[in-house]
């Protein structure tokens, strides 16, 4: 019983962390129409940033600034935001493909640098030497995991509420207006590139928070955690849940993470031993197929966007669609 | 240094062939196709399969051609691989991209291409195994061209370069001399006007996929010939190929050809300065540099 | 009856589903005539010719060419059937040379292509002179002639022209319009959208006035030219009428 409960807490913690990342991506893609092909770079920047800032001194790599945890986590988010600023400034005024390619590129490069720059990141062995916050109080067992789950949940709710308010604010309407018709927005005297940049950086910082939490949870991060496939998983969560709908984003995160874990478990349990090596391949084929199928048959996701723009660009009343 | 340059030119020829197809697709269908590099992988494996088939049917075909590690069987297999890959590109378009195009935005296409890449790469891994393979296990020794500075070149590498240049000249002739080439360029510039002038748009799009797939197959086989074949070919080449198209300017065939060589050479020369582990980062640095200095690339035109 | 090359009845069409731009337009174009369409900006003039050319989907109504229904036929097929269309903007391939532009247009002419190319060069000497230049380097007037030459390449029976004189000097505009008029002598039918209303009406046989996606008025060009109401709205006080 305790085993099951502890697994449920573990599962929900990871799913909630990923949900935060999906919410960040939703701000970029769902509400602004920006294609971030390198989610994992911002996730990674948050993860490494948090550990470097909050970790204890290490002999062989950077770190040990020993900042109090909230500052370290915020620092991770800032690192992710800075990375987004660099990419965004360079690409957001160009045709959309450039952002997709540049973000994809920065993710490849980020992983590559973390793997090689041992003095910065600990290299392929990963980054150690991080004390989880309040470990003294909760220890290392179930109690800690429960505490950490509450922390993650709190942040998830906070990010959710923040984004809900944001997208209902005049700024949020502006984002959608630009997404729908850039020229019209420009003719209203708005600078679409600036607004997009703000959205892109904010979304990336949120993804960075998720990365920071993820690294905190394991008190460890390595290049294996920032492979391009994570980008793909987070995207799948958003597309399945429903881009443009924050509730859908959270729902998608839990659903896909559940499917991912379940398929991994089923394959390890029932697949013949010689096929075990291919577990990852099979999982990726499944998830790739889910994404393509969603795009073909239900591009709006399971929980579609509720605000619909009328012809005049004014949001119209929520139109309830299937769940 | 000179050795890096020579290796860079070789990698560049593979990237050029990949980038030409990608730039055509990106320009005509208006989306960044992240699955294009998987076509190189399809081509490389198709050739591997048919190389074995031809060598088994007609053993004399398995003899090496002169100093090359290449056999006549592989030459035939290359031809088949071009056809198979072109057809695969077309089938993927019919099954996925054309349908997404009909209902979604250009960015949905980008995303669909991520999904397609993931599926193709992992199916390849399932079918052919995750390990690396070679067309020929014979060791072909490199020729010492010069000792100071040291320069080693394998006969295969010379062959790949010459063959790439020939393919490019052929493509140039088609684009600049035939009305089919004009039609392709016309569709790239202005699809509506092309239709009004009697060009069948659907047929041209199909042609672009077939040409892009065919060139990718050649690139994939050349990559396999000079490196090794693995399901990760697509993953490893997607960024350099994108970098080549961006350097050349999206939509410019000549730009892509040149861009491939530039990226190949830059990535290898950079290794003279950087530790070798960093080579996957070089294409991104090149992309950043181009975006800073000349966002539309060498030959590209601004387009919203 | 067979004098009518193009007949449109109750044409409804638009760019987005459920948002028609044309809301039931009727039109009949006589063989070897010049018919001009005028109307305020946004009236749907371009949309009408694009619908006829097969570029905008027809959601209701009929369009017949020589008595044969052509609604829903692909643009490249229509071109092969003798309906040529010269768009309002971007009507040549800038990255191709003039020669390549014409070769492309003559792609399906087969053995006849060489002779027709010579014919076009003779008709438009400036194009012959610059045949190996990129078309993007042509002047506005020369571009318009190249666009017309490309349209003529398929020996069409009907040419749709969208504001061929837009952006041209009055002299060049007059030349383009006269060129269009001249084509009717060979049996070609011209359907023209124009903002240079006075100039166009002098050359045209018949005129349709469109407003807000509907027919507003039509009649012989000479009648409309002397019609006081039309004169006030479209000729004399054009600036005011554009609002």
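For clarity, chains are labelled A, B and C in written order, and residue numbers in each chain start from 1.
Here is the rule we go by: contacts are C-beta pairs under 8 Å (C-beta built on N, C-alpha and C of every residue); 3 or more make two chains touch, one makes a residue touch a chain.
Note that the coordinates shown come from a computational prediction; the quantities given were computed from them, not determined experimentally.
When every chain is reduced to the mean of its CA atoms, the largest separation from subunit B belongs to C. When every chain is reduced to the mean of its C-alpha atoms, the one closest to the centre of the whole protein set is B. Centre to centre, using the average C-alpha position, subunit B and subunit C are separated by 43 Å. Centre-to-centre separation between subunit A and subunit B, using Cα means, comes to 32 Å.
If you average the CA atoms of subunit A and of subunit C, the two centres end up 53 Å from each other. Contacts from subunit C toward subunit B in the complex involve residues 53, 55, 74-76, 79-80, 84-85, 87, 90-96, 100-101, 103-108, 150, 154. Of all the residues in subunit A, the ones that touch subunit B in their complex are 33, 35, 37, 90-91, 94-98, 100-102, 104-106, 108-109, 112-113, 115-116, 228-229, 232, 235, 239, 277-278, 280-282, 284-285, 287-289, 291-292, 295-296, 299. Touching subunit C in their complex are the following residues of subunit B: 179, 182-183, 185-186, 189-190, 192-201. Within the complex formed with subunit A, the residues of subunit B that make contact are 26, 31-32, 34, 96, 99-100, 103-108, 110-112, 114-119, 121-123, 125-126, 130, 235, 238-239, 242-243, 246, 250, 275, 277-278, 280-281, 283-285, 287-288, 291-292, 295, 303-304.
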